[in-house]
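The structures come next, written out as structure tokens.
Both complexes shown next keep chain A, but they swap its partner, so chain B is in the first and chain C is in the second.
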Partner chain A sequence: MDAIAVFFWLLAALAVAGALLVVITPHIVHAAVGLILALSAVAGLFFLAGAEFLGAMQIMIYVGGTVVLLAFGVMLTARLTFVRMRTTADQWVIAILLAAPLATILLQSAWAYGHLKSAQLSLETKATKAEVVSATDLGLALVGVRPQVDGVNGSERQSALDQTTRDGYILPFELVSLHLVVVMVGAAYLARRRME
Partner chain B sequence: MPDGEWNESVWLARYGFGVEYEQSRQILTQEIEQSRTYERNHWNMMATMLLAGILSPITVTHYLVVGIILFVCGIVCLVVKRNIIAMLIGVELILNGANINLVAFSSPQLFPLGTAPLLLDGQVFALFVMILAAAEAAVALAIALQFYSRFGTVDVDQGGQLSG
Partner chain C sequence: MDEIVAHWLQISATSAWFVTVGVALLQVALLLAVVMTLVAAATWAERKVAGRIQDRLGPTRVGGRFGWLQPVADGLKLLTKEDIIPLNADRILFRIAPYLAFAPAFAVFMAMPFSDGWVAQRLNTAAFFILAVLGLEVFGIILAGYASGSKWSFLGAMREAAQVVSYEVPLTFAALIPILLAGSMDLVAIGEAQRGWFWNWFVFHDPFTFVAFWIFVTCAVAGTNRAPFDLAEAESELVAGFHTEYSGFRWSVFYMGEYAAMAAVSGLGAILFLGGWNGPIPLASILGLTEAVGPWAGFFGHFLGAINFLMKCVSGILFMMALRWTLPRLRIDQILSMCWKYCFPLTALCFVGVTIWMLAFPDGVLGIGHPKTETGEFIVYVVKIMAEH
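And then the complex of A and B:
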């Protein structure tokens, strides 16, 4: 049992505990705390999976941005009688009836993928160059250059991928920036105080 | 397995107290011992499997299971809660469950040497998901503030004006 496994189980337990706290608690502030716990643990899982840049972004955008936004939402809309909203027993029954088949189906597919993957891995044992996704690769992909695919090392992958997948992400990048501008203007317009 | 003494009395009632008593009693004790050994082996096997599951190296399935748990918790939160901000928190959990899957399938650590199905694409899409989630949270909170100033509550059941 190596250090990665130890940290994985620790972070996975934290993430699951946070998610369960979000679901179970009737108090909205406790739910926000559970969300912070779950998101931070997920950032740790990203670090463990080798996506360091994504882990940092998870902490900055989610834990630093979205959760603060949610906390302000809680504070601005808090009224003592509505902070705490009870969930009735029949709602729990419906939720469990919904969640149990969903979880069963998803867990079965994850299990099936694991078996499929182990069978495939025993077949293909050819070892190519170790590929690591760094923040440089991500940034270059966002401006339309993908050295991992286009470069000299990627000659084997180049045949497998057609031209459209090698173009990088400059169009989605521009679209998402435009989207962010529109969203920020729209949110500021929506949240303004009405003049009466 | 039922209790031994009760079982013994049933045997005695069925087969009498005659000559076969010792024989039947021996068979009975043998059967009880067998079932106990079976249960012990069963529990040992379960414990071994659990331990093997914990001690085995982390694969992509582990990540998928964590993502599934977050996803299902988010769905349940979305269905159960009536507070509009709690529903938003559920949406964030759902998006994070999806993000875990994307990162797991793009991870060079979880797949041996360049066999990851989504090497760069998964991380880029997870990044886009994060950006869009932040945008969605901003708009949804603006809507929640308007909802609150109009209805004086964040209970979504109170906003039924448009329903017929």
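And then the complex of A and C:
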């Protein structure tokens, strides 16, 4: 067992513990803390796999977002100091009905991978770190430029590739932006001071 | 580094997991030593700066000249104080909150290069990683404010949340400008792009970066809750804000977190705008202390760089202290309107300005621009492609 496997199991256990805390605790702030623990542990797993950009994204978007959720969602709406939520029996039944198939699928795909090839995992991580990985290609693809597809100066390959590959991810990116703008306008509309 | 140590001990790197862990622990110990020394020195410096600026006595008699034993006396006092947990508090969260506030401020040093290549973990997205992790500091403070079960703490935490979440936006935008200039999020590469004389530093690259640097400073001070942005504490109105109910060791952890965060943002600013480990005069290359000459010459060259970096770091901390004891505190609405109405549009403007500057003067002005990076050519290329579509 090498260091990477040790840290993998440690982080995986933390993620599961955090997720279980979210489900089990009746205390809403404890649940938020559990969620942050689980998401941070997943970010740690990304770092362990050598995907630093993804790990930092996980922290920025999910962990940071949950912190904001905790601050504004829970604290501003909660009238009582300690909010307790009770899960009724019918809610448990529905939750188990929904969660059990998902758990089955996830466990199946986890086992289909075979053993967690820890030795190979460590070698792969080292190999990824050796070569220069940069987020530049991804960022450019988001604005619709794909130098690795186009070639930096040649235009011969461009014609061979179809239009969708050349456009990169500009359309989905813009759609997501539009979606966020709609959400923000909606939030501002709901939160506005009502003038009578 | 673990490969080198494993080779040195003549064992294979894949089998010896304890080498990896040992080297990691060594790096953590080194970082902890540097950060804790900075924190201890900062607690003493804070009193001295306050004494100078506000014309009051700083520490004078607590051991030795200039009261340099003050941090030791502080530490002993805090450790021997009674540890109190209020009856209304959420006991578990109250206990873990100080550590959650301190951990991010320390964790960022993992990716912070102290000199060319002297970094615990060289991440290719180090700047982004540091910004992401620094943003988590607010979590510990919100939790402390909530778990204390006190109105002072709660109000402090809510103000803190509004403030830090807002100021993260212009801070990240301002940090984006050096990333754009260097064409990389790797802090080692950003530092290397500013090598040479001091006019190669990104702060002197063009007027827009100069403005962006001061916005970065403003947002960094706001992000660490220092006066004039210390609304989360607000001694005169909220007693001590989010840490009203804390005492003894737990309180001191918050204190350490604040100073570690100051050191972290100063270090980030030094690398992004002030040339990092490159001094105003390229002393190392003039004296021939480079890797090309020999390993020991390279080591001393890097060592000079680390001293440069730490001096910039300390200057940043001292500047923040001088600011704290000079300016009065702002109101929460003033803070938020300053962030959204001034800092944020200005950074956006600077960002566009820098892009245009790189298009207009790809070789710099007066022939002393920064060493050419690929980003300028890249922007021309991107604009060309987008025009074709």
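Note that in this section the second predicted complex is superposed on the first by the 124 of 196 C-alpha atoms of A that agree within 3 Å, B and C clash if a C-alpha of one lies under 4 Å from a C-alpha of the other, contacts with A are read in each partner's own complex, and residues count from 1 in each chain.
To be clear about the criterion, a residue touches a chain if its C-beta (ideal position, glycine included) is under 8 Å from a C-beta of that chain, and two chains touch if they have at least 3 such contacts.
Everything quoted here is computed from the prediction, not taken from an experiment.
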{"item": "Chain B versus chain C as contact partner of A:37, first or second or both or neither", "value": "neither"}
{"item": "First (chain B), second (chain C), both or neither touched by A:49", "value": "first"}
{"item": "Residue contacts with chain A in the superposition, chain B compared against chain C", "value": "B"}
{"item": "Contacts of A:99 with chain B and chain C, given as first, second, both or neither", "value": "first"}
{"item": "Which of chain B and chain C A:72 touches, first, second, both or neither", "value": "both"}
{"item": "Touching partner for A:169 - first (chain B), second (chain C), both, neither", "value": "first"}
{"item": "Chain B and chain C footprints on chain A, overlapping residues", "value": "1-2, 53, 57, 70, 72, 76, 82, 132-133"}
{"item": "Touching residues on chain A, where the partner in the complex is chain C", "value": "1-3, 6, 29-30, 33, 36, 52-53, 55-57, 59-60, 63-64, 67-68, 70-72, 75-76, 81-82, 119, 122-123, 132-136, 140, 143-145, 147, 150, 152, 167"}
{"item": "Chain A-facing residues of chain B, complex", "value": "54-55, 57-66, 68-77, 79-83, 85-86, 88-90, 92-93, 96, 99-100, 103-104, 106-110, 112-116, 119-121, 123-124, 126-128, 130-135, 137-139, 141-146, 148-149, 152-155"}
{"item": "Sites on chain A touched by chain B in the complex", "value": "1-2, 4-5, 8-9, 12, 15-16, 19-20, 22-23, 28, 31-32, 35, 38-39, 42, 45-46, 48-51, 53-54, 57-58, 61-62, 65-66, 69-70, 72-74, 76-77, 79, 82, 85, 87, 91-92, 94-95, 98-99, 102-103, 106-107, 110-111, 113-114, 117-118, 121, 124, 127-133, 137-138, 141-142, 146, 148-149, 165, 169, 172, 176, 179-180, 183-184, 186-188, 190-191, 194"}
{"item": "Contact set on chain C toward chain A in their complex", "value": "14-15, 17-18, 20-21, 88, 90, 92-93, 123-125, 128-129, 131-133, 135-136, 138-139, 142-143, 146, 149, 154, 157-158, 161, 165, 183-185, 381-382, 385-386, 389"}
